[in-house]
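What follows is one structure encoded as structure tokens, with my remarks underneath.
Residue numbering begins at 1 within each chain, and the chains themselves are lettered A, B, C and D in the order written.
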Amino acid sequence: MTGISSAAPWIPLLILLPLMAGALSFLFGPRGHRSLLAATMTGIWFSLIRLILDFENAGLQHYPIGGWGAPLGIDLRADGLSLAMLGMTATVGSFISLYALGYFAGDENRGIRFWPLWWLLWGALNAVFLSADLFNLYVTLELLSLSAVGLVVLAGDRDSLAAGLRYLLAALAGSLAYLMGVALLYGAYGTLSLERMAGLFRPEPANTLAASLITVGLMLKTALFPLHFWLPPAHGSALAPVSALLSGLVIKASFYMLLRLWFEVFPSALTEVFTQGIGSLGAIAVFAGAWLAFHQEKLKMLIAWSTVTQVGYLFLTFPLAAASSTSAPAALSGGVYLAVSHAVAKAAVFLAAGAMLKVTDEDRIDRLEGVGRHLPISLFAFAMAGVSLMGLPPSGGFIAKWLLLNAALSSGQWWWAAVLVLGGLASAAYIFRVLRRCFLPPREYAAFHPVPLVMPLAALSLAGIALALGLAAAYPLRLLQTGAPLLLEASAPSTVAP
Amino acid sequence: MSAVYGPIRQIAAALAWILGIGLSAAIVALSRPDFGLAELVEAHLEESGVRHPVTAVLLNYRGYDTLLEIAVLLLAVLGILAFRPPGPASIPDAAPDSSPVLAALSRLIVPLIVLAAGYLLWAGAHRPGGAFQAGAVLAGGGVLLRLTGTIPSFESPNAWLRVSLVVGLGVFLAVAALPLFEGSRLLEYRTAEAAMVILVVESALTVSIAAILATAFIGAAPPRIRCMSPSRPAHSAEGERAGQS
Amino acid sequence: MHVTVPTGTLGGGRKSGTVMIGGGLIYAMAGVVLFALGFYGFIVHAHLVRRLIAFNIMGSGVFLVLVGLPQRVAGTPPDRVSEALVLTGIVVAVSATAFGLALVRRLYDLTGETRLPNDPRPEP
Amino acid sequence: MLGEILDFSLAAILIWIAWRTVTTPDLFNAVVLFIAFGLLMTLAWVRLHAADIALAETAIGTGLTGALMLDAVAHITGKRGRRRAGRNPS
């Protein structure tokens, strides 16, 4: 175990602040929710920046809650990967919060229900990214899923209720599969600490079964093909800021856990069959998702299917990182960078779409004519974020795919390189389908409602960040690689894999 | 089971068999730990502030799990409130059940329930019991009172209900954060104060758990007590419901 | 009290005479079967209340494994940590169930259906 | 020895009731069986020396979950459901 045991309050504050904000916003309703938002966001950013500074000085941070320390107590931990995910959450979360201020301005009834759920969701995300305990991760995942479902059903119509129920059932089944795996591992090793488990885990068949159950549960929550069935209805029928949260952030939490567990705790169980298999599921998701996205009639469903595609790319990390020790750092950085830039870009796209739908009152893509004239900022944001989703330069998506492409070629797996390149073309097809419509002149009878300016601006800022991630990639990538045991131990699987 | 669609049933059965057999084999083959937490739990019991090891784990060693868990419980209520139709401010309150037997019974039982909950809460420090059991028992009392009409139905939770719903999470968060101001760690109680702190947290948790569970029961929809009191005309509540949706 | 045996030996009772299959193993086995049964019910049923019941049975199975496994060697003291974990798990399960049931009721009020739309399974 | 016989029969009954709960065609039956299942789980927890879980299972697992389910079933088999109930045995 490397790193220092920290007593600075930044790690717990990142979890406590949003939870507290959730309790307060429920207690006080609409009163003072702007000041609460300002105070909490400032607190979160301040803690996060202090944590990053500490990390740069001292490296990996451990935080034994209650002073007990693992294995009796629960440890929190911050490394480069955690910080990248926390930064992603804070960035996307802040802009979605600002957007929500505008979005719920005329709908206080929903607004007062939105904020407590969203604060608890934010707290759950930070808790996932900081936890170093298998059972605690289960509780954080449940916190995350229930708040996410609560946000989906906020729309209140029958589609969103059905989608929310479908999502709830999928999430619950996934959690139980995960918990069964944890129960087996706890029975085998008598500890729940990730780091102790990492030292003890042996790839015996029983343990591998436990790891597989955990993996299936998390795949279900990440919506990897063929366990993606719940995602499009949930993300497509929720309110726009909620869709942005779900597609951008929530599915990344379970993906993060998969990376964390496989490359840190179970690397000895990584086999070529598993990595190539999960990569193939990812490849199928890339093409099937793009095909279905292209054929959607509703804008938000198109974007939701695009998320299925992007989740497919994320899972290419597994075959690329496990193949050889030379390709591992590039593949893992690329995978994480893709998760981060997709979060930013997809949130921007959903927010822009939300503004367009509020303006036109239409969810159908073929009714988007005239948006280019009436909502230029949103359309511009949509197009800019689309660049990142397609993986074109200069964007975070491009850097991420470039890293993955390098990993594919350096490990001699040209077929994954082909998936990356062709998948980008497929993404371009459905994005241009939307853009083409928007640039057509408006229909005569179409009505356009004004929206608060903060909505298109929030979308535009996120889209700008998606591009900036491509121009200033050096710092986040260095952060990801400093003191991250995940990447240091990534060479282990290559010696084990047949 | 003839009603269930053939192929799905067979696939599900096959998967369930594989799962069951695989997991059974795994349980038998699983290695045994050379290390258990039981000794550690006992070794630090003195410092934990309680004598009952399960309570020590729940509220001290792994108190952070419990902190998040009470947030999960609160989410059940937040989720239920999230999709309630806005509707008019006055849902016609389902008439209190006039069944004299139920009313008399509840007058008799409710004090006993409160007593039992108090005992469970107090007992948690040194023997089985604690906030969750106490809260659940109390919630049972709340449901009973709702059935007899003593507790009114609500459209959106009023201030008192909101306070009792979040007091558990709020107090726990405050107690967890307090050591941060003294340079200690999250949830790091001083040994001398641990017993007191745990009792405060447990009391707040009991209130919230009871409120949350009872709200989940009452708040899901206007109550339907038809099945339990056949004397009441069955259709009045139905009519309200249908008119509303 | 605590006995270590080589990994992978079943029960081990016949081998050394000091290790016996504890009651924990029986319940862990039952837990596994319940998990599989619940899983089956979760898949085959279209009715949402039935699926929530199946979910609860699956959950009970996991909890039995969680508590049973650490006690599988006879004479092992009960593991208080796993007991606390199960208490947490029960509360999480009841939260999810309450939320799910409320959603089912509302969906029924809106649509008159107790199953998800586009469900390929015919109504039992 | 007696304890082991008890454990085995309890495990078998738990599995049997769970099987009935999952496969019974009738919704109301399933809920009632599930409540019975919860009560038997309480016994299992006692046998596993987990008195806290036994208490919680009775109060929360069986009591509240059961009440919630009965209430939900009463709700969805009323009204339009009653017609449906007449149409087929569930």
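By our rule, contacts are C-beta pairs under 8 Å (C-beta built on N, C-alpha and C of every residue); 3 or more make two chains touch, one makes a residue touch a chain.
Not measured: the values here are computed from a predicted model.
Participant: Go through A-C and B-C and name the pair with more C-beta contacts between its chains.
Facilitator: Of A-C and B-C, more C-beta pairs in contact link B-C.
Participant: Starting from the Cα centroid of chain A, hunt down the chain whose centroid lies farthest away.
Facilitator: Checked the centroid distances; the maximum from chain A is D.
Participant: Whole-Å distance, chain A centre to chain C centre, using C-alpha means?
Facilitator: Each chain's C-alpha centroid was found; their separation is 29 Å.
Participant: With chain centres taken as the means of their Cα atoms, state the distance from chain B to chain D in Å.
Facilitator: The answer is 19 Å.
Participant: Distance from the CA centroid of chain A to that of chain D, rounded to the nearest Å?
Facilitator: Chain centres of chain A and chain D, defined by C-alpha means, are spaced 38 Å apart.
Participant: List, in ascending order, every residue of chain D touching at least 2 other chains.
Facilitator: Correct list: 23, 25, 52, 56, 60, 64, 68, 71-72, 75.
Participant: Would you give the residues of chain B that are in contact with at least 2 other chains, written as numbers and ranges?
Facilitator: Residues 1, 3, 23, 27, 29-34, 36-37, 41, 54, 61-62, 65, 69, 72, 75-76, 79, 83, 132, 213, 216-217, 220-221, 241 of chain B each touch two or more of the other chains.
Participant: Name the residues of chain C that each touch 2 or more other chains.
Facilitator: Only 7-8, 28-29, 33, 35, 37, 40, 45, 65, 69-70, 72, 78, 81, 83, 85, 87-88, 90-92, 94-96, 98-99, 101, 103-106, 110, 124 qualify.
Participant: Provide the full list of chain pairs in touch.
Facilitator: A-B, A-C, B-C, B-D, C-D
Participant: In the complex formed with chain A, which residues of chain C make contact?
Facilitator: Of all residues in chain C, those touching chain A are 7-8, 28, 35, 42, 48, 51, 55, 58-59, 61-62, 65-66, 69-70, 72, 81-82, 85, 88-89, 92, 95-96, 99-100, 103-104, 106-107, 110-111, 116-117.
Participant: Within their complex, state which residues of chain C touch chain B.
Facilitator: 2, 4-5, 7-8, 10, 25, 28-29, 32-33, 35-37, 39-40, 43-45, 65, 69-70, 72-73, 76-81, 83-85, 87-88, 90-92, 94-96, 98-99, 101-103, 105-106, 109-110, 120-124
Participant: Chain C touches which residues of chain A in the complex?
Facilitator: For this pair, the touching residues of chain A are 135, 138-139, 142, 146, 149-150, 153, 157-158, 161-162, 164-166, 168-169, 172-173, 176, 179-180, 183-184, 186-187, 190, 192, 204.
Participant: Give every residue of chain B touching chain A within the complex, in rising order.
Facilitator: Per the stated touch rule, the residues are 22-23, 25-27, 29-37, 40-41, 44, 60-65, 68-69, 71-72, 74-76, 78-79, 81-83, 85-86, 162-163, 165-166, 169-170, 173, 176-177, 180, 183-189.
Participant: Show me the residue ranges of chain B that touch chain D in the complex, using the header's touch definition.
Facilitator: Those in contact with chain D are residues 1, 3, 54, 120, 127-130, 132-133, 136-137, 139-140, 143, 213, 216-217, 220-221, 224, 226-227, 234, 238, 241-242.
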